[in-house]
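The first chain written gets the first letter, and so on, giving A, B and C; residue counts start at 1 in each chain.
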Amino acid sequence: MEKKLIENVRQSVPLVHNITNYVTVNDVANILLACGGSPIMADDAEEAEEITSICGGLNINIGTLNARTIESMLLAGKRANELGHIIVLDPVGAGASRLRTETAMQLLEKVRFSVIRGNVSELKTLWGGSGSTKGVDADLADRVTEGNLDEMVEFAKKLSKKTGAVIAMTGAIDIVTDESKAYAIRNGNPLMSKITGTGCMLSGVVAAYCVANPDHLLDATAAAVAAMGLSGEIAFERLEKTALGGTSSYRTYIIDAMSNMSDEILKEGMKLEAR
Amino acid sequence: MEKKLIENVRQSVPLVHNITNYVTVNDVANILLACGGSPIMADDAEEAEEITSICGGLNINIGTLNARTIESMLLAGKRANELGHIIVLDPVGAGASRLRTETAMQLLEKVRFSVIRGNVSELKTLWGGSGSTKGVDADLADRVTEGNLDEMVEFAKKLSKKTGAVIAMTGAIDIVTDESKAYAIRNGNPLMSKITGTGCMLSGVVAAYCVANPDHLLDATAAAVAAMGLSGEIAFERLEKTALGGTSSYRTYIIDAMSNMSDEILKEGMKLEAR
Amino acid sequence: MEKKLIENVRQSVPLVHNITNYVTVNDVANILLACGGSPIMADDAEEAEEITSICGGLNINIGTLNARTIESMLLAGKRANELGHIIVLDPVGAGASRLRTETAMQLLEKVRFSVIRGNVSELKTLWGGSGSTKGVDADLADRVTEGNLDEMVEFAKKLSKKTGAVIAMTGAIDIVTDESKAYAIRNGNPLMSKITGTGCMLSGVVAAYCVANPDHLLDATAAAVAAMGLSGEIAFERLEKTALGGTSSYRTYIIDAMSNMSDEILKEGMKLEAR
């Protein structure tokens, strides 16, 4: 893995255009700043193309869709493709409703994504499988385990081949892969599932890392996934020392940890295995 | 009161569909996770019915209304009624504008709610009274006091009879009642009024507690109200030990306290009186 | 400067109607409460005029515009003008897209603002200059420095004369001015640029301070700007004592500091120079 991925982010301060849900948008903006990037949120068709033009990357998150924002996603995606920008797709809840599934499929058809980040059930939905999404959490029967890791890596590689995007399949074990080379990442903490937006935040960080490291998308994505998981670990250690601490402190501590993240800290704490 | 209300929440992880305002939506999602539930936010008519179908409960909050979301509220409410789901109404700011008052009345007419949670002036507006709402806070002349408690309980019981819903009237003293049985709850701290969203958060918690305890709606609602107030007390004690702490730390501490809440802690700290 | 500006806020609890972006809306609501005010958010044309009528001030922020909210801004602005209310404009990202620039210009044409708060590039855009906005941050070439301070003060005074509004030009050095009298304010900390929403939050505080001190708009605006910067300083000192603290703790600490702000603390810490 490249040695200065994070330094590259902090030095270039990549500007990322986010069309994202209104639930976690503030966390996404703050973690983008924390990781070294700079966020712009703009979701209206009247300005989506212009705003994306002045950015280096585009982060599309389908968390709280409506007709107005879908149009903006398509316009911004098309323009970002023309400009050769990094584009990340976070297919939140794909499989949970026809609107989400169809929008995700339409985006995949009309926009070439650099990276797609989702949980197993969301990514299965993108593949065209039945996709049983329980809310925005990975379906219990569909989570990556040590036992099915090889199978999951194969699936993610196939999805990468089909879409042309680096795939980040996140869960208890994370898989980051392109068509040929895969990483399994074992950072993170189960408590991360008890705060909203860790997935959305990660997608923002992936965008920033990739914009700053355009020739190393696989490594940049893996670094972002590991950095987020490691932030969850560092935050958990800190939480355990906090009298009366709980999930909201934990959210704060995760973003704090990301704001202190460096190539050295990541190298030290990253649990990354080539598969 | 049932002894394992909260344990039931933590074990069943009730999925709650929220159509809510964009001001406090992140807090609502995080406190739903903190209290043991799982949130989904979706406010477009294209998916409102489908999303609510996969959930156990629906939480409708009229904080930042527009024509698009009103339609979704009606569609989701109707579908949730068909499925026998728990539905909570938070009539934020009813009385403050014609749009809010009329939407609240329309919702009451077309949807059967399990629980309605609001402050005195909002609930008076629902009753059809003139309703003078100063923003989203209880009007000063309209707050529950020890002096008018009996009168307020009577009003809340009448509103329960009229709507068929458990009524949670929150303020310095909270009243939770159905047609016949009422509780006065004296948990909470005045500083809770200095952060936005404690009411919205509580409505989310009420939904989760009721979904997990469908045969005990009155007790589940009272437990949620007491748990929120007690979280405010625990958070306040913690805040007093925090050098330079203020209202934003207090918000964090409240959600933290809710994430640590258990039947034991609640039983110990609950100040609940049958009226 | 008036001696009881902040006490006036805490005693009168000014109600401020905010039509603002969905990225930082929760922070704006919480800092309005923290500084002593009371927030209402409502952005639909169906209720914008009614809601603004029951408030003392209106805060318009163009951070995430769309056709629906632009109409509401114009309706609320016109109504607030009729009622003689305080109106603050935060032209977030003016210059970054045609939509934002044109909306800002249209608002300036149709609404008389009491205060306009923005960074240098946003304010240059309002003037009709070319305006190069890098996202929502002040363009590097366009920031206020000790070297160009006189020139910047002159520009801000001209913009004040043109618009009739008090101008708050914020950056490393802040300038607050009307047509004739200017202050340079040197409070703040560079880390404030690493969290989203400090500008949006400040605009909310400006609105509250001005509503509570309607005869001293220049001083009230300067006090708000200094109070925000001072909160950033107090928060930074606290952060330095926080093991593993980072940008998210910093955000919490800033709002905490604002919730503890008083005329005495401000007088002690304010770095204000008449120019």
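Criterion: a residue touches a chain if its C-beta (ideal position, glycine included) is under 8 Å from a C-beta of that chain, and two chains touch if they have at least 3 such contacts.
In UniProt terms the chains read A, B, C = Hydroxyethylthiazole kinase.
Keep in mind that what you see is a predicted model, and the values were worked out from it rather than measured.
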| item | value |
| --- | --- |
| Both-way neighbours, i.e. chains that touch chain C (Hydroxyethylthiazole kinase) and touch chain A (Hydroxyethylthiazole kinase) | B |
| Interface residue identity across copies chain B (Hydroxyethylthiazole kinase), chain C (Hydroxyethylthiazole kinase) - same or different by half | different |
| Angle (degrees, nearest 5) of the CA superposition of chain A (Hydroxyethylthiazole kinase) onto chain B (Hydroxyethylthiazole kinase) | 120 |
| Whole-Å gap separating chain B (Hydroxyethylthiazole kinase) and chain C (Hydroxyethylthiazole kinase), where each centre is the average of the chain's CA atoms | 33 |
| Shared interface positions of chain A (Hydroxyethylthiazole kinase), touching two or more other chains | 22, 26, 251-252 |
| Residues of chain A (Hydroxyethylthiazole kinase) defined as touching chain C (Hydroxyethylthiazole kinase) within the complex | 15, 22, 25-26, 29-30, 33-34, 38-44, 46-47, 50-51, 54-55, 68, 234, 238, 251-260 |
| Contact set on chain A (Hydroxyethylthiazole kinase) toward chain B (Hydroxyethylthiazole kinase) in their complex | 21-24, 26-27, 63-67, 93, 96-100, 134-137, 194-197, 243-249, 251-252 |
